[in-house]
Amino acid sequence: MSISMLDGLLIAVFSMTVVFSVLCILYLVITALSKTLNKVGMASASNAVKQADKQTEVTAPAPAAAATDKDINTVSISTGELKLINVDEKTAALIMAIVSHESQIPLSELCFKSIRALEE
Amino acid sequence: MSISMLDGLLIAVFSMTVVFSVLCILYLVITALSKTLNKVGMASASNAVKQADKQTEVTAPAPAAAATDKDINTVSISTGELKLINVDEKTAALIMAIVSHESQIPLSELCFKSIRALEE
Amino acid sequence: MSISMLDGLLIAVFSMTVVFSVLCILYLVITALSKTLNKVGMASASNAVKQADKQTEVTAPAPAAAATDKDINTVSISTGELKLINVDEKTAALIMAIVSHESQIPLSELCFKSIRALEE
Amino acid sequence: MMFVDALQTIWRNSGFSAITWQQCVMIGIAFVLIYLAIVKKFEPLLLLTIAFGVLLANLPLAGLMNEPPAGSDEPGGLLYYLYLGVKKGIYPSLIFLGIGAMTDFGPLIARPSGLFLGAAAQLGIFSAFLIALALGFTPQEAASIGIIGGADGPTAIFLTTRLAPELLPAIAIAAYSYMALIPMIQPPLMRLLTTKKEREVKMEQLREVTKLERICFPIAVTVFCILLLPSVAPLIGMLMLGNLFRESGVVERLSETAQNALINIVTIFLGVTVGATARADRFLSPDTLKIIALGLIAFAFSTVGGLLFGKIMYWLSGGKINPLIGSAGVSAVPMAARVSQIEGQKANPSNYLLMHAMGPNVAGVIGSAVAAGILLALFG
Amino acid sequence: MMFVDALQTIWRNSGFSAITWQQCVMIGIAFVLIYLAIVKKFEPLLLLTIAFGVLLANLPLAGLMNEPPAGSDEPGGLLYYLYLGVKKGIYPSLIFLGIGAMTDFGPLIARPSGLFLGAAAQLGIFSAFLIALALGFTPQEAASIGIIGGADGPTAIFLTTRLAPELLPAIAIAAYSYMALIPMIQPPLMRLLTTKKEREVKMEQLREVTKLERICFPIAVTVFCILLLPSVAPLIGMLMLGNLFRESGVVERLSETAQNALINIVTIFLGVTVGATARADRFLSPDTLKIIALGLIAFAFSTVGGLLFGKIMYWLSGGKINPLIGSAGVSAVPMAARVSQIEGQKANPSNYLLMHAMGPNVAGVIGSAVAAGILLALFG
Amino acid sequence: MMFVDALQTIWRNSGFSAITWQQCVMIGIAFVLIYLAIVKKFEPLLLLTIAFGVLLANLPLAGLMNEPPAGSDEPGGLLYYLYLGVKKGIYPSLIFLGIGAMTDFGPLIARPSGLFLGAAAQLGIFSAFLIALALGFTPQEAASIGIIGGADGPTAIFLTTRLAPELLPAIAIAAYSYMALIPMIQPPLMRLLTTKKEREVKMEQLREVTKLERICFPIAVTVFCILLLPSVAPLIGMLMLGNLFRESGVVERLSETAQNALINIVTIFLGVTVGATARADRFLSPDTLKIIALGLIAFAFSTVGGLLFGKIMYWLSGGKINPLIGSAGVSAVPMAARVSQIEGQKANPSNYLLMHAMGPNVAGVIGSAVAAGILLALFG
């Protein structure tokens, strides 16, 4: 297959136009989507979706509903007996170190059953 | 291949019976195994197998024999100079934090050679 | 293919010789390389390569140039908002625990922006 | 002129010109599954990836599942290659390797009678098999539909790829959806079939299990199950290898990788490609609706089977065994065991059945694999 | 005598007897690339592995890329097998899965006009395509060369393996090298094409993006892009699946594996085998020099395209949009956005453009994939 | 009647009806290997997985290694597919990639004379080769048996799959078992061949090695070894690529994945499938016993070779080099080096030979790979 320079130019112009058009349509889609979602979202869906908030955002308020059994289970695999609820492992380690130190009880004699983020 | 409903029923009953039989045999096998192992185990094998105890069970008494060169090596890959013997990394981190704080020596000036679980 | 024992012996002697020769050449190559590099290295290349020093060697002096944007970015993926510069995560966790304790400010109310190893 | 040609080429290649209403329906189904996976948290690891596969397969002309054209050097579609691991039965076994490394068979070793409950809770497999036969499915199809009642995704996918690959997406989606619905499906049946007195039963603490027993368990199960039913080897063999990695304590790094990198990579590939087999022309048929209905029946009968055998054990043991742990025999680890715990605690707030229910629960995994082996031996 | 035979065998099999000066040159090129990767930190993840592949492929008689001999049981070379994932187009898609899981599309959702900049910055693709045509390359080759201007490695490799596999090493090396050179290529053009007043513009803070928007974004992009351009499905589909893993928040473990173990394994295999296609007889040709020159042209034109459209948006918005964020539209995430940040801060020390430039930056990834889809539809 | 048919089908498919006494013996061998791996901690990463493969392959009718039936759509056995990576020589190279990323060649760079010890300790390879020839093995088989003396699992597996695949399980099991037995095999020979005065020698501290040397080392080794012996490219090439990942310091994530996810996945697949080649009919032959005996001879001669050359270096250096570090040249990293350390300390409690022995130890890996390359060039 061989094409003339003129054809090549047309293809280039045409392709660039298509790229623009596609991303332009995408612009419209995303804008429309955002508007719809934010309207709908205000009203009803927000509660439901909040539950899907990433577990890693510890600073956000943690609704109790988010702490489903699934979450607890996933974390408990790597931490043995201790249940971490809306708390990541590093934070938990720090909390344990501090409690141990402040209470003057050695870590080996302290037993943590679970650590749960406070609901604000 | 097509089969009559009667044949289907027979197959279903038969298969359910086989499932039961297999798991029943497994029940007998496991029961027999447990009895044998626990009898034999009382006497001799227990010492040998204790060595195979998981390193993660920190609360269990840790026989010195368990700390073979192999274990030390595996851990030391991820912790550089520090040797952890029957202690997991998180616990070690906490111990280091506490020692540093109690001794008022900044961490950067403390040097840990190894952390070993006490044998009870 | 079948060979006589005499041929076998010759092959064995020959092969052992080749192994020796190859590793001998390698010895010469490495010796020559080391000498060249250490001469050249004294003069000029040393500065450039220092930048390539492993990030894990925290105890080594950390030239500011090493903390390229790239490094910061890689680490920040796993630690959210906090930027670790020439510091590994475990050390950072300890530092945070200690700061929190010494300042009597609970961890949840402390906000670390970045932790950077001091340049000596 | 080139320009017009090019425009035509683009248009002819565009999905808008080719999409059918059936594909639109399938895309809608994909959205519903994504919703269930993310918002309702229905087994998201597989349902989200399956849903995305459904979406990709029904965007027309994308050709992600295309075979490489015969007699040409051109490659096939991306998902065609990833699907080979499903087609050859490799992925389900590797997922079982990871599951084995994650599973603690301790409660089952401590009280091996849980195996009977794990066997009884396979009732739904054969009930649904029979009803499917009556509805006109072939024996192979009926067996694949029945296995939904095993409440075990990889087993269902493994058996279906060998007996009735055309039903794969419907069966996989039904299996994972109902597994997520266990907390809704089981409690009414549990309250219906047991008395309050039975549900209140507190069970004796489980004995401690020695390290040696834990190590010998996977080896013994491998030897006996595969001798009895060789066709079950890829599933039971890998499940027990993973468990041996876990319990041996000497190959921590292999156990860790089997539980993380390996199972996650395989889950992604398996989920997307199983979803991508759900092409509109195949999936949108009355058969799919029948499969969904039969899957529910299968789950219900499995629960009933477990509960009824639980009642038998209650009587035989003189009231020492709480029949609620029977429903955990369906597998669906660890959801079904949690449902037993919750119902037990409702009847008696000081009742802790979780560890007791874990025995039947993990036995259910073995039971389903055994059932799959029988069906494969009969119809494979 | 055996001894002499053996000596001859070893010598005949030695690379010293077979090496050509072209291979020596290639080995030298490999050393230069290793130097750039390690000391200059030019995209080391790929450039270091590619360079090592170049080295291995040009040590004579090693045969690492040899096909298995037809009609024999003997295996092929190691890299021949690993290369299959490149040849079949699997690796670039899997890398996009990982990139999707690492990418935050938030800034683009907050200000979707970044998409226009991401489109404009594909100008270099088509400019280089035209010049390559004029230099006598076939349309397929010209398209593959042009895609260097997309500043996106996996896209370039994906398109080139389908259109002009013989140019793969030159295009891959050029693409990754110029991506690393972005901080040198772009600033002069940015200062040339914008006034100081334009560069000083501070932009309004981006609005917050809800979780729901983040989840719907990858789904919407998948549906619309693949409907419009089905050939783009393997790239956009996997990119958006990875992003859905990230944003859904319910499959953390899949997202983690896609970003780490999976993408790293694929990067190693892809890098080494792409490098290993750079055999001396193919690579040392005037075409390679032309490709390197055309790649620079492509990068420059893409930058110019983004900047000029940035100026248009500056005027249309009444001076609210800083045209410097236009050059970030070339993709090369996140380097190009950092260059915008640095130049903005030079003009006005209190100017923080980074987050504003991230929108066009990630839009550029989508833009390049779309451009690749068009070229594939036209010439594939 | 269906019922009887079904019963017959199940029985005919059961392993109990088909098992032979040879398979029972093999299952017993698998149990012994599992015992050694878990309780005695004999190289458990590979020996445990190999043992489980032996178990699976000898449970009759499981068919896990079955080829897909010709002219049918039915898939082959699970392990058949996983074994392809062994058969094509891919897994050993990928394991070497991980080993390279884990290995610190610093001590060897600091004192490159360790290379001579690493060469001398290959003596066992050629001794065992000769004896095997005398016992009637073909040259290919004799070479594969000899390589056990290289004390390097992946190298042994790589060479054996190419020269004598039917001996693979015996050779792999012997190699890994003897590697675990190093602390029992070597000390008597060490005390026999060295005087107390020699063993007491304290060695000078190693000089520091610069970053630049560490980076250039893998590149130089790659170029020279592969030029001299192209057939060694898959092993040395990948070993040095992994080491370059490690030392370059710019691709930390690739190095991490090569050392963890990738090597672990490959180890699982390689171990299980190598074990699964140990079918009773092949494995239970006098040849296996001969191989086990020859393996021990190979290890002993390699140790002796290293020690004797150590003594030569002791004399040449005027007593500055402790001959005990010679035995570490067999590779078996890092066990052999630890044995040198322990024996040195027994002779002189203040003697620390570990780092000095690491040089010959890692040189032994290169030495074995070179020896494998020669054997492959001669007999491949």
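Things to note:
Letters A, B, C, D, E and F mark the chains in the order given here, with residues in each chain numbered from 1 onward.
What we mean here is this: a residue touches a chain if its C-beta (ideal position, glycine included) is under 8 Å from a C-beta of that chain, and two chains touch if they have at least 3 such contacts.
Note that the structure is predicted; figures quoted are calculated from it, not measured.
Annotation, chain D versus chain F: rotation angle of 120 degrees from the Cα superposition, expressed as a multiple of 5. Two copies of one sequence, chain E and chain F, touch each other mainly through non-matching residues, since under half of the numbers at the interface are common to both. Separating the centre of chain C from that of chain D, both taken as means of CA atoms, is a distance of 44 Å.
Remark: chain C and chain F have CA centroids separated by 27 Å (rounded to whole angstrom). Each chain gets one centre point, the mean of its Cα atoms, and the points for chain D and chain E are 39 Å apart.
The residues of chain A that reach two or more other chains are 3, 11, 15, 18, 49, 52, 56, 93, 97, 101, listed in rising order. For chain F, the set of residues that touch two or more other chains comprises 6, 10, 38, 41, 215, 228-229, 248-250, 253, 260-261, 374, 378.
By the touch criterion given at the top, residues 1-3, 5, 8-9, 11-13, 15-16, 18-20, 22-27, 29-31, 33-34, 37-38, 41, 45-46, 49-50, 52-55, 74 of chain B touch chain D in their complex.
Of all residues in chain E, only 6, 9-10, 13-16, 19, 27, 31, 34, 37-38, 41, 44-45, 48-49, 52, 55-56, 59-64, 75-78, 81-82, 260-261, 264-265, 267-268, 272 touch chain F in the complex they form. Chain E contributes residues 87-90, 93, 97, 162, 215, 219, 222-223, 226-231, 233-234, 237-238, 241, 244-245, 248-251, 253-254, 256-258, 260-262, 374, 377-378 to its touches with chain D in the complex. By the touch criterion given at the top, residues 108-109, 112-113, 115-116, 118-120, 122-123, 126-127, 129-130, 133-134, 138-140, 142, 210-213, 215-217, 220-221, 224-225, 228-229, 248-250, 252-253, 363, 366-367, 370-371, 374-375, 378-379 of chain E touch chain A in their complex.
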